[in-house]
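I have placed the structure first, in the form of structure tokens, so that the comments after it can refer back to it.
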Amino acid sequence: MSSREIGASNDALLQLSELDTFYGPSQVHFGMSLHVRRGEIVCLLGGNASGKSTTMKVILGLVKPRTGEIHFDGHDLRPLSTPQIVRLGIGSVPEARRIFGAMTVRENLLMGAYTRRDRAAVAEDYERVLEIFPRLRERLQQRGGVLSGGEQQMLAMARALMGRPRMICMDEPTMGLSPLFVDKVLDLIQTINAQGITVLMVEQSANLALQIADRGYVLQNGCIVVEGDARDLLLSSDIQEAYLGGQEYVI
Amino acid sequence: MFKTVNSRIAIASALAAVVLAACGAPAATQAPAAKQKAPAAEQKASAEPIIIGVSGPLTGQNARYGEQWKKGFDLALEEINGAGGVDGRKIEYVFEDSQSDPKQSVVVAQKFVADPRIIVEIGDFSSGASMAASKIYERGGLVQFGMTNSHPDFTKGGGEYTWSNSSTQSQLAPALAELAVATVGLKKPAVLYLNTDWGKTTYQLFEEKAKSLGAEIVANEAYLPEEKDFKSALTRVRDANPDGLILISYQADGALIVQQLEGAGLKLPIVGASSLQSPDFLKLGGKAAEGVLLRAQFLPSDPQPRIKNFVDKYKAKYNETPDFFATHAYDTIKLLKEEIKIGGATREGVKTALAQLKDVPSVIYGKVTFDKETRRVSDPTFVNLVVKNGEFVAWEGK
Amino acid sequence: MAQLEIHNLTRSFDGVLAVDDVSFDVRDGETVSVIGPNGAGKTTLFNLVTGVDAPTQGRIDFDGRSLLKLAPQEYAGVGIARTFQHGRVFGNLSVMDNVLIGAYARSQAPSRGPLVELVRALVQGKAVREEERALRREAEEILALFGERLLPRREQQAFGLSYANRRRVEMARALMARPRLLLLDEPTAGMNPTETREILEFIRGLRQRGMTILLIEHKLSLVMELSDRVVVMDNGRKISEGAPHVVRNDPKVIEAYLGTKTHERERTARSAPAERGSGGDGI
Amino acid sequence: MDPTLRTFIDQTINGLAIGNVYALTAVGLALIFGVANLINFAHGSVYMIGAYVGWVCVTWLGWPLPASFAAVAVVCGALGVALERFGLQGLHRKARIAPLLATIGISFALDQATQLLFTANPQSFPNPLPAERIALGGVSIGAIDVLIAVVGVSTAGILFGFLRFTQLGWALRATAQDRDAAQQMGVDVEGVNRATFGIAGVLGGLAGALVGLYFATVYPTMSFQAGIKGFAANLLGGLGNVPGSIVGGVVLGLVESYGVAAFGATYRNLFAFAILIGVLVVRPAGLFSRRRTLPPEPMTGTFVPNSRPVRVPRAVVIGGIAVALCFPVLVSDPYLLQILTNAWLLAMVALSLTLVTGTAGQSSLGQAGFMAIGAYASALLSLRAGLPFEIALIAGSLIAAVLGTLLVLPAFRLRAHYVAIATLGIGEMVNQVIANWDGLTNGVLGLTNIPPPSLFGIEMVTPRATYWYSLALLLLAALLQLRLLRSHLGRTWRAIREDDVAAQSAGVGLNRYKALAFAVSAGMAGMAGAFSGHMYSYINHETFASSTSILALTMAILGGMGNMVGAVVGAVLLTALPEVFRGLVDYRYLVYGVVLLLLVRFRPQGLLGTV
């Protein structure tokens, strides 16, 4: 494990160290490191195309970094396939939700529990999840594709919960949602966290995400440029600089 | 990911070299396909075998006909070579697979023409493959002997080097019409025919003769060789209210038609062409084939010695009744043996001897003499058969 | 005088408004940028302007002529060239051929019937050879604008180039059309800071030579440095327009990017189209 | 009952029965396309093997029907899995054309292996069901019709249940909809891939066994037709659309049945392909497509592989040409000369295909149709109008160019796989029209006594003369093509292949260049066909079968897309390989298939790479 990241600690559930990631010839991460402790909500902030979504893909094993290390709860994730990583307890709410549009809401939810064999517990969780998301209960037999954007977001979150993950990675959970739904989603993330699930969320709306997060990182052009306690970040002007462009362009 | 350019060129050129090298090889190394079990004592060590070239389908759509040919050839050669061959020389054949595809039959033709050991060629199976090669055989001075080539122009393709012992439609079709109209008494028959050069010509000649005998053809349905579902066509036939059905079909499609008749609500007397005469037609047609009348060229259960001997030997060797194609193959080898006896084992010899042959014994025709103009069998004979209890038996009239 | 005029442009997908009543214009010699957070409708807007998609309502005029009647391949002819978001180069073509394709619309080739074109390609008479030679010279000049990045690689196949170089090839191809309006879709996406800086300088050079440019870009620092005017979109709507420093300090823009700090949010309630899953051919 | 109504009901029942079988075949193809994004050319072979397994169980082992069907399901399911595991695994990351070719190789090998095992003879598959028919008013239904209906409907039901209610079914649907998201749910998508091939194998095998039973016959070559009809049904419903494929199968069955009722049995395939092309033109994504599709991502790196072509030094090419020209001087064996003459003619077809498919990116499986047009035009002109060979040859290829382009015109709005299937259909239609148009083409009797190739009145009939003549034509065609490729036209075609959206944005009108590419290609293929016709002296509707189109595509892919030297090398190799394997007699096409498969595995971009 790399010791170069400031504040890296042994109680980290997830640890990314010195990642260099490429899409073909184009480099996305430049020596990127971050960690997530047990029980935290961590948000990864950054403008468009800063490498946030790729970070999620790297954690889930959909993209493999060229160099660097990824550890989750003592397991080296680099050699593992996505299904193996999911089985270790990482759930995901992918970017743009990626609902299975031709499947019913119920089927989408049960897809979330795909890796589980404890049928009784799945049935229990199913009820529990529907209690958290009562809107979904009304739409159990509808196709996922006909739901509104907000409902799809809920479905994606509920689907992730069905896997009983230890950690959930959420990619822009508030994107494209109306303000009412944004509040709702943020509340739900806190609810989920209160149940002992660690959350790593990628967000563009910094002010929103930092309201509920414990810590935050700001990613710019594939590097972490700012990190710290959520409350401190909320107050600092660093973020606006990082988003809307400071005096110095080249870092 | 990329190997060096050099290694790739090396691979490609190595492959090309192997291919070209191997191309040159087979003509020299290929052993005749026939395996003979003649006792060693009867062989003359010095005598080179006489080689017949066969071009036909062993793979592809028509492979089954090639397989039947082989059986007939092998049986005939077993007899001939067992009896010491011709002038002490054994006869063997080289069977080159053409898939009955003209692209390949012309290659095979060139191969045979270039191989001086080969004195006569048999085949190919389909008209397209056979006739594409006719000119090559003619130019090479090698007789092309067609067994299945009833296309009216087949023996015109290679001039005096193209011969056939396949009866032509001009012989078969009127005979079929006589059976159907004059003997059975159908006045309003419907005809199903295979839409190939064979089926179509047969149909046209049949129609001509049937009309002259006073019958009216109320429906005629052509179908493609790969057709398997005749129900729609038979429904059309049914709507024309025929009093009988004429099948100008091969074995497998003929069997399918008789099977699907009941489904189409048709119960009619059926008269078929000689091509239906095959154990396959009985096997595939099952109960539905019962009662079908055939205008055929020979009857396997015929007690005449020429037929019985052959059928018994064939059954002993292959444990099945010979079909039309295997019988033709057997006959052809026997016929060529006679030629070689007369004309000698040379290409020119074969050509001249064919015209001189007279009354050569044949399982199918009884006796074969060629018409020097058409280079086909003169006056072939026909018999009437009926399917009874799963067998072909002679039909003696109603 | 305004060259490109966009009036009340609206595009809805199954009732969801991806672009909602957007109007702005781009004048001769100006560089205008369109920015906005993910899902703001920039890509849809760009697709409309480039003729890949058709609006539900509104007008797009270029030099007073409506663009909506043109087929995608007719844009080059009226003087509009574009680059693509993910860098669409012709992978198995050489860099030179990629750039030469850019000159298609203004070359002699398509000016007469297809048979004449075929014969000319077969015969390759003097006029054809002359034109080809002239275009090659011109293409080399354009490639030289990127310094030593492309020129030495002009006979290489484009798929083997670095990502940044592929984007450069795309730009060279667009320039080869001698456009009067250049549409750039995220020209620096996926580039590192040094490469981004180079592209910035390159676009600045084009600007100085009087090229009219419409730019969609995420790297706002680059937008701020390059643009005469910036149009900001959020949730399909234009929420702000003006000079870079004005837009940067517009509270509505900051909110769109960072989200509100309080719960009194003023953003219009509207959902972006569901990007996935709507109407999959059901297995 | 009114006889017309009775006929109509009968034809409807016929159509439903056969349509049911098409549907079963099509569903398997749809599943595979949905999950693996691949058209499986080996599906017909699985169907054929299903028929054989059923036949073995019923007639050899004497098993009852249900047990036999269970055995078919098990064996064909396993075969499907094995096909994916050994034939295709790893290839899906390569350009899409590679697995397509791999399935062609596999189907060669499977068909031939079956023939070796059970002989080429059709085998009788007696129907163990009672022969009684159920009378319903004026019409009657046989037990086998009922069985087909029962198996068809219950299979559809089981499939529906499987997809709706089982975990694997969900995983399959999820993978088909969104591979990445499915992975993030923990779905092992590779496993799902295999399972899909397994299920498709079960369905295909059952369809084959049913058809074997229905027609009481099984034979090794039943695979090709089944595959083609399965595609057609699948395409009607939309590639990858399962319910659509079922409807597509039934529609195809009904249309064929009514078509035969109205026009006769020889029009069956003509009908099937006409409706197919019609639907493709009106609704390219199938009858039931809901999605309004924006232009998809470029085909770069997906269909045509990226590769650095092997630069064959000019000296090698010129040396090769010199060797080819001198060959007959050194070697007089007419057999070798004829093989190479065939190779030159097929190389012309491969060049024509590599132009339209390799260079312009429009996958064509209709070259045999163009050859047939050229051959018939040239033969008829010299037979009936008495034109000299040279004039007839040129006129023939021009007619092929014009007619060919007009025929393909409706397919211009299609892309990738769809173009391939549409052109395959067009090629089949050309042959069907030739077989049925007695007045012009002499129908199935074909054209006899076509004058041999000649030059200034001198007949060119010796093996050497035809060798040089065909080689000269090939070189001429290659020279013309090279000139086109080196002009702006070649550049424009290749740009369209690489990315038609980007090409359009540069001002390139697609239809014009597709038309030009098809015209040149059809003309060249037509010339090869015309020369062949004169060389054979006899042609009929079967001389230029669809298998020649597939062969030419194989040659072009093997050599490398758009690669002219590659096309010629591919043609020489693939013409020579079966000859080399002649010593293997019955095994040669089995070996050929395996060699093809291996080449695809180790060099998916073709021997010399894409240009």
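By written order: A, B, C and D. Residues from 1 in each chain.
The rule we apply is simple: contacts are C-beta pairs under 8 Å (C-beta built on N, C-alpha and C of every residue); 3 or more make two chains touch, one makes a residue touch a chain.
The model shown is predicted, which means the values in this text are computed figures rather than measured ones.
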Partner chains that chain C and chain D have in common: A
Where chain A and chain C are represented by their mean Cα positions, the distance between them in whole Å: 32
Approximate Å spacing (C-alpha centroids) for the pair chain A, chain B: 74
Centre-to-centre distance between chain C and chain B (centres being mean Cα positions), rounded to whole Å: 70
Separation of chain B from chain D, taking each centre as the mean of its C-alpha atoms, in whole Å: 30
Two or more partner chains touched - positions in chain A: 98-102
Where chain D touches two or more other chains at once, by residue number: 173, 177-178, 181, 307-308
Touching two or more other chains - residues of chain B: none
Which chain pairs touch, all of them: A-C, A-D, B-D, C-D
Touching residues on chain D, where the partner in the complex is chain B: 3, 7, 10-11, 14-15, 17-18, 112, 115, 119-122, 124, 126, 131, 133, 139-140, 142, 145, 211, 215-217, 219-222, 225, 256-257, 260-261, 264-266, 268-269, 307-308, 310-312, 331, 333-339, 342, 346, 435, 443-446, 448-449, 452, 461-463, 532, 535-540, 542-543, 545, 548, 569, 572-573, 576-580, 582-583, 585-586, 588-589, 607-609
Footprint of chain A on chain C - complex, ascending: 37-39, 161-164, 166, 186, 189-194, 196-197, 200, 218-225, 235, 248, 253-254, 257-261, 263, 265, 267-283
Touching residues on chain D, where the partner in the complex is chain A: 164, 167, 170-171, 173-174, 177-178, 180-189
In the complex with chain C, residue positions of chain A that touch it: 23-28, 30, 47-49, 96-102, 143-150, 152, 172, 174-183, 204-209, 221-222, 234, 239-240, 243-246, 249-251
Interface residues, chain D side, partner chain C - complex: 31, 34, 163, 172-173, 176-178, 181, 238, 240-244, 288-291, 294-295, 298, 300-301, 304, 306-308, 480, 483-484, 487-492, 494-495, 497-499, 501-510, 512, 515-516, 519-520, 562, 610-611
